[in-house]
Amino acid sequence: MHVDPEIIRLLAFLVGVIAFAALNAAYLVWLERKEAAHIQRRIGPKEVGPFGLFQPLVDGIKLMTKQLIVPAGVDPVLFKIAPILVMVPAIMSFVTIPFSETLVARNLDLGLLVIFAFASVNVLGLLLGAWGSRNKYAVISAARVVSQNVAYEIPMLVTVVTLVMITGTMNLHNIVMQQQGGFWHWNILNLSASPLMPVAFLIFFVCMLAETNRAPFDMAEAESELVAGAFTEYSGMGFGVFFMGEYANIVIGASVATILFLGGWDCPLGLFPGVHWFLIKMYFLIFTVIWIRWTFPRTTFYGLLNLSWKILIPISFFNLILTSAMLKVF
Amino acid sequence: MIDYLREIISGTWSLFVGLGITIRYFFQPVVTVQYPYQTLPMTPCFRGHIELTKDEETGETKCIVCGMCQKACPSNCITVNGEKREGVKGKVLTEYTLDFTKCSLCGLCVESCPTAAITFSKDYNLAGVRKEAYIFDLKKRLEAKN
Amino acid sequence: MNCGAIKQKLAASGAEAVIETEYARKGFALNVQVAPEQLVAAVSVLDAEGFFIEAVTGVDWLGEQATLRKEAEAKAAAEAKAKADAAAAAGEEAPAAAPPAEQGELAEDALEAVYDFNHYDEFCRVTIRTRMVRSKPEVPTISHIYPGADWHERETHDFFGIIFVGHPYLVPLLLPEDADYHPLLKDFRP
Amino acid sequence: MSAFAKSEANETFVLNLGPQHPATHGVLRVKLTMDGEYIVEAEPVLGYIHRMHEKMGENRTWAQFLPNTGRMDYLHALAYNHGYVSVVERAAGIEVPERAEYLRVITAELNRVSSHLLWFGAFILDLGGFSPLLYAFDDREHILDLLESVTGSRLTYCYFRFGGVYNDIDDNFVPGTRAFIKRLRDRMPMYHNLVTKNIILMKRLQEVGPISAEMCRKYGATGPVCRGSGINFDVRKHEPYSIYPEMDFDVPVYDQCESMARYMVRMDEIEQSLRIIEQGLDKLPEGPVMAEKVPKIIKPAKGDYYHAVETARGSFGVRVVSDGSNTPYRLKLRSPTFSNLSLFGEACQGMLLPDALALMGSLDLVIPEIDR
């Protein structure tokens, strides 16, 4: 029987991506705990393995061996399907992300669009899970998540459209290739295209925080208000899969920001390009995401919408108009 | 409009100031003590559960079974019993039980004792799985110490 | 405004007794005794003067009447004895001891509701007391004047069973919802 | 905002906030009638850890009730000690040596600082910020060490006695306290930069949770709650007790009536408490810490007595009725947060859930003190 080697390659990539996503979720928890601890001048996990490095494994085993409780009164179908709906699109998005010049599962011409299409399914998973839980806290959380995502998708997409106008392509590989040759070529400093590019990066970053429900925009699970929000009724691996999906989404967000603004696998000084630079930039962004979480208090729901509609959207539209004008003039 | 921009800039700046503070602490050494690997010295004033003191000369308890501690205790957790013995002046202590499950460590018993026969122990590593483990026979503890 | 003015106004509102107490000794400046019917009028005076409510509580005076009688009897006996002694000392023939005066039924013991008021600006702490018989402990509510009294009255109802007539929601606050006992009454046995 | 709250009543639902909820600091339960995320009606349900301290008092001797006082407001236990001890001293006419009074004030103020620091951390935690809690605990730990070296316990202090204090300070206490004051003064700008000036926190607290001065009066609110509404009321100034008249300190008052004002009052009070402690250490006289002529069995004269002290949460009053025996006839404990919480139901009407929780946090609730 003849098998297309492309399919085997794709399968290998898919397995690799799932492993990467799962490992990332596990070790981002470790990073989060360790970073939070040191910010608060504690040590954090330290008992299991050196520096507590095996802690995520132990946690994973604990989550897997826990009973999966499906409370009476929930909608069993929605309740079970929701974690998968969060996890699967996150993993699918990895397919088109180029980690280096050669390390990419499938280089799509509309790669950027694919990622945003998958990213918007994430919120559906949260909504269904929360609605299916039949829990008042979860339903409030679901309502928040949906309007938050709607509000933040606009400035995010407007910023991305600005970028696409500059690069003229939605192929992620090509976008990175255009930024080769040192940090002054990266889009974040592409001041000749638009002087507001660093601001655009900030907007994209803030929107990414909001899209992935990270603090200070973690309205969905705001534990001092909604206990655990959408996840209140989940136990064991149901919660674990939600968690992995959330972290996978953070990785996607950081990767996209790296590709769009920070030159992907390009080295800052034009030397030794490769996958390591991509990972360094991506993990630095993730580090910043965690750093932000352990520094700021949570915003309120209306504060968050005010920020989006009154500040981010006007500025990103201004940037769009400015960029298009400059493209036309020069 | 200017206020609007000013608020955005000052607000963003305040966020960066906050981030600067936390990253500074990130690189500073930890301040926690890794109990139980490390322990701190107990202050001499620490009030643990009570215990009987030894008379320096005889090595016996100084308790004269007056029952003042029993009366002073707000939670009735002390039981003192004694008996008359021939050839000994006063009463001899036969039982001194502290029900530590009820004790609130207020120290009224120690203050009320006329002969300074009880004092606070410096014992704070107390853990157990049964309630009975916390009904201390202080007389036996004193004898075990000898 | 000072405590003297308040004292006059309270006296005018129908309080039975308004006594200025020594603050250093007692911890409050005015001790006001009112009948339950006059309570609302007295509290309204304080409200108009800008007082705030500190607390509402009760005191159960079970056995007070018996104690009073005993004291009176002891006093009478002591007097009689003193008289007899004096007579004996004078060498006179002791007069026949008077038979103890026949006394009627004991008056019923009282429950007392105590209201503490204080002022944010003035140095004047006012305590209002009102007494009611134990078998019919009813006193008008002041929660329409001071909404803060709502919870204090509910607490007092929990502990003493004093019924605050007109209170909108007199259900147990600190005790369990189905509690029908009043633990601070002196004849309460758990 | 309130226009939303008045929409169709039949679209409301009941949300049980607590008794096990991260924001209720223990076991307070609030029955919220909600319209979406707007609160239509809030009814706090109390009594989950009611222990009937007042009845306990009637069954014990005067001295035996002392440990109970530390267990109501466990965050500012020494002020509760102070209130109870003072009222019994007033009733029994016991004189207290000056050094004991100074030690009482110094330790009580240290305890107040520790209470405010814990409140600060917990309040920011309510608002979703984690790290300030740990920073505040770091500072608070130093206070606990200092107090432990004097009182022998770390949380539920039982340090004051009728006629003095239980124990004199050791040699390390005065330099240790001075070092701590310096340390905390150095840390306060950090707290303000990290938290107070943070735009997210300002947006969450400013113009949120209004409590008017009139409302404070009607509900009997005291402490930082009323001082955040522009009322200059502090028992330490209003009815000076102990050696507070000799101390030079200000009462911070803010009149914005919002959550931020209550926050600022407490942050400023930390500085004022440090000032009091410093003066106390400067003036600390030599002498005994216990009056000599304190009877072993206390039997105050017949009558009733009141004494109020300023705790970290407001005015705490003890009313004792003595019948001349060695047990109290009646013991009434007026706890400040009981009154402060009672206005929550009215104050949070028409508010959003996160704002109401910010308001609740700014009231600084200690549930064992409310339930007693």
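In this document, chain identifiers A, B, C and D correspond to the written order of the chains, with residue numbering beginning at 1 in each.
Throughout what follows, contacts are C-beta pairs under 8 Å (C-beta built on N, C-alpha and C of every residue); 3 or more make two chains touch, one makes a residue touch a chain.
A quick note: this is a predicted structure, and the numbers were derived from the prediction, not measured.
Student: Over the chains that touch one another, what is the least number of steps taking chain A to chain B?
Tutor: 1
Student: State the pair of chains with the top count of C-beta pairs in contact.
Tutor: Result: the chain pair C-D has the most contacts.
Student: Which chain maximises the distance between its CA centroid and that of chain D?
Tutor: The chain farthest from chain D, judged by C-alpha centres, is A.
Student: So how far apart, in whole Å, are chain B and chain D when each is placed at the average of its C-alpha atoms?
Tutor: Computed from C-alpha means, the inter-chain centre distance equals 25 Å.
Student: Go ahead and note the Å separation of the Cα centroids belonging to chain A and chain C.
Tutor: 69
Student: Using the average of all C-alpha atoms in each chain as its centre, how far is it in Å between chain B and chain C?
Tutor: It comes to 43 Å between the two C-alpha centres.
Student: Would you please write down the residue numbers of chain C that are in contact with two or more other chains?
Tutor: As it turns out, chain C has no residue touching two or more other chains.
Student: Find every residue in chain A that makes contact with two or more other chains and list them.
Tutor: Correct list: 39-42, 294-296.
Student: Two-or-more-chain contact residues of chain B, please, as numbers and ranges.
Tutor: If we look for residues of chain B contacting two or more partner chains, we find 15, 18, 21-22, 25, 31.
Student: Which word fits the touch map of the chains here: line, ring, star, complete or other?
Tutor: If you draw each chain as a dot and join those that touch, the picture is no line, ring, star or complete graph.
Student: Kindly provide every pair of chains that touch.
Tutor: A-B, A-D, B-D, C-D
Student: Give the list of chain B residues in touch with chain D in this complex.
Tutor: 7, 10-12, 14-15, 17-18, 21-22, 25, 31, 43-47, 72-74, 104-108, 111, 120
Student: Under the touch definition given earlier, write down the residues of chain D that touch chain C in their complex.
Tutor: Touching chain C: residues 46-47, 50, 52, 54-55, 58, 87, 90, 216-221, 226, 231-233, 238-239, 303-308, 315, 317, 319, 321, 329-330, 332, 334, 338-339, 342-343, 346, 371-372 of chain D.
Student: In the complex of these two chains, what residues of chain D are touching chain A?
Tutor: For this pair, the touching residues of chain D are 13, 15, 21-23, 36-37, 124-131, 134-135, 138, 194-195, 198, 200-201, 203-204, 352-355, 357.
Student: Quick one: in the complex, what on chain A touches chain D?
Tutor: 36, 39-42, 136-137, 140, 143, 215-216, 218, 222-225, 227, 293-303
Student: If you look only at chain D, which of its residues touch chain B in the complex?
Tutor: So the residues of chain D in touch with chain B come to 60, 63-68, 71, 131, 135, 138, 145, 148-153, 156, 158, 161, 166-167, 170, 190, 193-195, 197-200.
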